[in-house]
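Here's a structure for you.
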Amino acid sequence: MNERQAKLRSIAGSLLAEGRVSLFIGFGPGLEPSRPVPWFAKNADEAGKLVLDPFCGPGLARYLLDETAAGPAGIVARGCDGLGLERLVADKRVGRDQVYVVGVACRGAVDPDKARRLAGRPVFGAEVNGETVALTTAGGRLSFPRSDCLLDRCLACADPSPRTADTWLEEPLPGAQREFEGVEALEKLGPDDRYAFWARHLERCLRCHACRNACPACNCVACSLDNPEWLERTTGLADHFMFHFTRAYHVAGRCVACGECQRACPVGIPLMLLNEKFMKDIRDLFAVPDPHRPQEAEPLGHFSPDDPEGWREGDETL
Amino acid sequence: MAYRYFPGCTLHEQARNFDVTARESARRLGLELAELDTWQCCGAVFPLATDAIINLVSPYRALAAADGAGADLVTLCSGCLNVLRRTNRLVATNREIQEKLKSFVEADYSGGRQVHHLLEILKRDVTFEGLAAKVSKGLAGLRVAPYYGCLLLRPPEDMCFDDPEAPTILEDFLRALGAEPVDFALKTECCGAYLALRDGGRSAAAAVVRSAAAGGADLVVTSCPSCSYNLEQAGTALPVVYFTQLLALALGLDGAFGGHAVDPRPVLRKKSLLPEVN
Amino acid sequence: MKLMRAGALPRLLETLGRQAQVYAPATEDGLVLLRPWTGQAIATSYVNPVNSLKGLVYPQTEAVLEFTGGDENLSLREAPAPAPQVVFGGRPCDAAGLALIAQVLLEGTFVDELFRRRREATTVLTVACREPGPYCFCRAMGVSPADERGSDVMFYPADDGYLVEAVTARGEEALQAVAGLLAPAPDTGARDACRELRIPLAEKLTTDRLAARLEGFFEHPYWEQVARRCRSCGTCAYLCPTCYCTAIFDTSRGTRGRRLRGWDSCQFKDFLLMAGGHNPRPAKKQRVRNRFLHKLSYSPANHGAYGCVGCGRCVEKCPADLHMVAVLTDLGEVLP
Amino acid sequence: MSLTWEPRIVGFACRWCTYAGADLAGTSRLEYPAAIRLIRVPCSGRVNPSFVLRAFQRGADGVLVAGCHPGDCHYTSGNLFTRRRYSLVKRFLEYLGMEPERFRVEWISAAEGHRFAQVVREMTADLRRLGPNRKMREET
Amino acid sequence: MPRIGVFVCWCGLNIAGTVDVERVAEAARAIPGVVHAETYKYFCSEPGQNLIKQAIQEKRLSGVVVAACSPSMHESTFREAARMAGLNPYLVQIANIREQCSWVHTDREEATVKASAIVAAMVAKVRRDEPLEPLKFPVHRKALVIGGGIAGMQAATDIAEAGCPVILVEQGPNLGGRMAQLSETFPTLDCASCILTPRTAEVARHPLIEVLAYSEVREVTGYVGDFTVKIARKPAYVDWDKCIGCMLCQEKCPRKIPSDFERGLGSRKAIGVNFPQAVPNRPVIDREHCTYFEKGKCGVCAKICPVGAVDFEQTETVREEKVGAIVVATGFDVLPREAFGEYGYGKYPDVIDSLAFERLNSSSGPTDGVIRRPSDGKIPREVVFIQCVGSRDPDKGKPYCSKICCMYTAKHAMLYRHKVPDGQAYIFYMDVRAGGKGYEEFVQRAVEADGALYLRGRVARVYPEDGRLLVKGVDTLSGQAVEIAADLVVLATAAVPREEARGLAQILKVGTDEHGFFSEAHPKLRPVETMTRGIFLAGSVQAPRDISESVAQASGAAAKVLALFSRDELAADPLVAAVDESRCSGCLACQPICPYHAIEPKALKDRQVASVNAGLCQGCGACAAACRSGAMKLKGFTDEQILAEVGTLCL
């Protein structure tokens, strides 16, 4: 019984009991231990079932959009949830005072599908320490390198803890700079190869909107992509390009790199490679060292008199 | 910065004193003027006809040779500078002429190099303050009329040598040597070039020299053998020397003042810049 | 019952491919998908292709009719007849789903011509299951790993090939065309193995008399609580082999245009948004409840079979883990 | 598609500068290829990047977004937002596989009729070399 | 169902010469929603407009597309015609098939196909247009005139005479501008100050004109009818209210400095006025050349001043004014000296510019009106005037003709002959341009009566030779090289905009051409207006102008201002942004985009949305492009319209 989880349960329980929050968002027991589910505890009893272990994968911040209407909500916040909340606050969609943040230092979430493939059988527990992950299965403990087990987004994570919290469950870990090797590798290809790469992936898109509905930056009351003038319901490759181009541009300079879009995509499209391209260019063109963290002024919400003409250099190399 | 030196025909013959004083002074100032191993006449006149590409072959060959040696080109004579620099610019900007010259000369030069004049190098690499420091015997009291002529300055968009109407580089150079530059109206007027041979004294050259004398100059300095010849033949008593001769004198080297139509040595002795004849 | 050596599969598909477009499972970016077969390697070790059989018989976007001309000279044209196609590698649960859709769209008062034409142009070669997937629960939904409903030919994976058995006349016809590749089956071991295959996840679920027990469950607070984690996206509906809701819309380019039918999902916020702005199911609770009650209560009541075939796609892919097995497990505890 | 393919360029021109520059090219009777068709917008800042993709989606071979030179915007800052937005969008389009020559952003003032004609000539020549655009384009 | 009418204009042969207008009309008829299509030779003409009106009424048109010249030419004409026929003017769109099609393409087939596509795009746009009513705003019946020269004063006077208050801002210490430096004026030779100084006094006295001298406009916000202007009053270090104008300070000031007003030929004191009749007649301290400011010593002026008006601690003050319209009349400057080395301009003292010659001529000038050589004060026997110095010279100077130099040089030659009867004036010219009323006769008088010798050719070089200036030129009519030994050389240098004009243009957000002259809205049809509504131009700010033209333009600009003020409220283009509150998330991403701060949050019952102040919004649309949910709608340029245009142009 890990004491982080116990501490979380007691904090959530007391918050609910004192009426400080009307709801506490975290993770609760799912079908299998390796798949905890987003959990909305409304009383001490339900708070008692909160789960906090290396299997807690799905992003929680976006739920705040609907769950703070009834009253203040508590949330257990890893780095990605913290930035997601900051995004919703910056967009004036959620009041910061409506949320009680319990900050944690996250070491990365185990991807249940990867774990199943590695273990070859159901997995009951996991321990992430340093560069190795120990999986406990019916046939004993197996250990694997971290890079084989964790969710893609956690491997690239630069924000293990939220930037601010109302209470901390443990000592927060510092943030780092994001690297964009995936983007750089793609940039090295020629135009036709890059197009082939994106056409191959986007052709599988179902337009199921899982990515949009998972994204804390996609928090509009009415999405322009639901308007047939902008995007018809036809599902040709060109329509998929329009959907993903527009969405990537809409979250440009606003995406917090929580990676939930890519995790939610049922057909495995590397959506983060789209958002990271904007992040890299914002970093390089507008000298924003941490483009995925909400800025004082949004990169596309202001200009500077000596902005570069980014399309000039774009002519030869990207 | 290494340069390949293009002396030009006259500096090996008629204007050898120009060449010698330049080399000695350069060496004294730590500038390395390695002469191109093979070169021909620069063509003396930049062809104005757009299809006279054959005239560009010789200057192109000099440029390509310098490029081959991985260095820029430096020259002294205004004429050579005019032809080489304008050829270089044409090769860089006119793709068609570049291709033709490449195929004819079988060289692969497309205009990346620069053509410098010694004065420009003095100004940029040595700087005139640096030069003044190296001058052992300042030419104090010597009143010198700096004569630019045409080929250094015009056409301005090609030569980019100095302000075409109010140039100052020679004046600064002379001050660095301790001499006193004399401002005179016709310093950028033409010396008559080839026309001067026909009408003798009444020529443009005579006007230039008269204007310089009117300014109180002891002697005239130029960087172009043909101007130098015309000004000396203008039938006045004003001596005409090359700027490198004064440079050599100021650096304590031999100014090679012999062989001038108007002997400059009496003036220099009067200014106690040359030892009395022994 | 016939036997086909494993090596003969490509030749079978190639033969059938002479008059029809063949689809077969292929691996792309780590996913197995039913793809037009052009001779590439046929995937075999998979639970279910990500895109179901439904996608090939009831496509995500389909032209209903084409129109040209301005105000006066408007002319309409039927959408072109679908080309014959052969789909190999779908699982029995997908085929059963197809059968359910066929029941809804063809055996009701209105016959859906588009679906009928495309279904008749399709030969479904189903590969029965010898091993359950982690999320399979077909038996709980009354579907067996060797279910023949909706299939034209059953392929039972055997050690050295497949036991092949036609189910329908179209299946028979197809097998005639490839008779040369088939040998009499020595025994029916492979089929029986498929038929008796145990589905562990299904055994944990009690779904008998579920429809009856769901009576009067409409206002239970359970729906409010479980629906909180739903993100109202279309993943479950678009992967599901039995969801058949669609929307009709027009597109035009100058004076040419098409009327199209495309998939829709009852989980979308604006699924039921009507002209004038009224939306009978604005809240997540209503939309989530509708999905599960439709499949577990209304479908059995109207069509005699659950609206779910237990393929497990929604279990694996729902980003919020709010899927059929989760609900069935919860209902097991919550229902009387 | 006509027998001999002709490149099609959709241009977004700000009414104060580029559109007036295009008019000036007309009044000066300059000649340039008929490939370009302009859409008049109040300011280059009005051009939503998704308009650009819609043009490619519907079959444009090239797209031009043109407005006033920075500092000359009739609305002071419209083109300064254009500069920031399209610094990113141009690179993103190329990242998706679009050839750089197919999408250009230019500053063309009301006095630069020649510059407008020149840009159209250059783009048309580039597009003739590249051929019709297939990428991100809907099937007809 | 839309009922759209398409009207394809021939424009004489301008369109029909290249575009098959009948085929364009025919193609338009085939577009769904188009119920009427016709062609006509000149739709902008009266009969043409009547055809449109007739069609609107007969066919009950719901939208009109006129395929003709650029919208900047006749959009308002056709919208007005539609309004008169009962159709909302904003349901009219112009298909530009002349400047952007027939005039720039020669292949008939290509041009016709393109014209049809442009028409189709406009039909698609019109279908999605909605009827709009002009917005109404209050008008501040108060004008701001920038520049106190003859043009500014004329405009200010005309406006004030019509009963509207005017604020006249002059950068210098006194009114008069460039004209105050002139001696006599062509073509009447009446003396400049005789016609100017009464006007300056009249303006200063006018009850409705407030003169803010020694002041500059620092910031202009708002829009026509409601501009908010920040005007900075530079420190004169003299309290003008206390000062009684006795000028003792100027008299006693020990510091003499070269006077810009006298073009460096005369001097002035560190404290004082530019010329005796200056209005306002109040002194100013030139801080850069005042011993007190340099070394903290002296202060004679402060001690001597009978009323203690000198105040060395005076600082800049800024005041804010609300005005309804602005007239810019900042005049011109002359080309700087160092531009022409070959004439020794700035090196040889006896080579001066025409403005300096004016000062020599002026009775209140440095030489009390006697023409003297700046070098030795002798009266020049031979004067050479050189025209087009820097004008009509794309390589070294300005490509344009400065227009006024031919006339004032002829004037100079006459004045010189009147003052030095035995003197000889030579004028090197390219082409004498004397197009005004009585101008050509004036020049002929200079030649015939006053013996000015016109030499057609350019001067190559001017250089000193034994005390005189040798002018080397050519007389192209005789083909002879010419050399004149002159005592004085006067250069007619090019007129260029004032150095501060470019900064003012950016403050007013008004365009300039590449030389810095302000751009008029339309060279032929709207010469005194700018593209920014409510801002007008007068005089040389727009291009080199002589005094009569400047005055005429000033009155023109005043008339435009008064037309604006004649209505109690202003109608403004309704093409502004508006928020669809059902789609708006209230994220206010649009707010920082708006350069006019027109967007504010607005509280609804349960949430916040954005809202646009239609008065401030100028319709640039940058916010609409930033709105992710498509809630911000720019009327006349909505997303749906532009997307429809894109789709149609790609068919």
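Read from first to last, the chains carry the letters A, B, C, D and E; within each, the first residue is number 1.
Quick note on the criterion: a residue touches a chain if its C-beta (ideal position, glycine included) is under 8 Å from a C-beta of that chain, and two chains touch if they have at least 3 such contacts.
On a predicted model such as this, the values are computed, not experimentally measured, just so you know.
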item: Distance in touch steps, counted as few as possible, from chain A out to chain D; value: 1
item: Shortest walk length in steps over touching chains, chain B through to chain D; value: 2
Residual chain clusters - chain E taken out, nothing else repositioned: A, C, D | B
item: Of all other chains, the one whose Cα centre sits farthest from chain B; value: C
item: Which of D-E and B-E has more C-beta contact pairs; value: D-E
item: Chain nearest the overall C-alpha centroid of the shown protein atoms; value: D
item: Computed distance of Cα centres, chain D from chain C, in Å; value: 46
item: Euclidean distance of C-alpha centroids - chain A vs chain C, Å; value: 31
item: Distance from chain B to chain A - Cα centre to Cα centre, in angstrom; value: 71
item: Geometric centre distance via CA averages, chain C-chain B, whole Å; value: 90
item: Multi-chain contact sites of chain A, meaning residues that touch two or more partners; value: 230, 234, 236, 300
item: Contacts with 2+ other chains: residues of chain D; value: 49, 54, 58, 77, 81, 85
item: Two or more partner chains touched - positions in chain C; value: 253
item: Touching pairs among all chains present in the structure; value: A-C, A-D, A-E, B-E, C-E, D-E
item: Chain D-facing residues of chain E, complex; value: 70-72, 96, 98-101, 103-107, 110-111, 113-114, 117-118, 121, 506, 509, 511, 513-514, 519, 531-532, 575, 593, 595-596, 618-622, 624-626, 634, 637, 639, 642-643, 645-647, 649-651
item: Footprint of chain A on chain D - complex, ascending; value: 49-50, 53-54, 57, 70, 77, 80-81, 83-92, 94-100, 104-105, 135-139
item: Chain A-facing residues of chain E, complex; value: 582-589, 592-593, 607-608, 626, 628-631, 639-640, 643
item: Chain E-facing residues of chain C, complex; value: 70-71, 253-255
item: Chain E residues within the chain C interface of the complex; value: 1, 30-33, 120, 647-648, 651
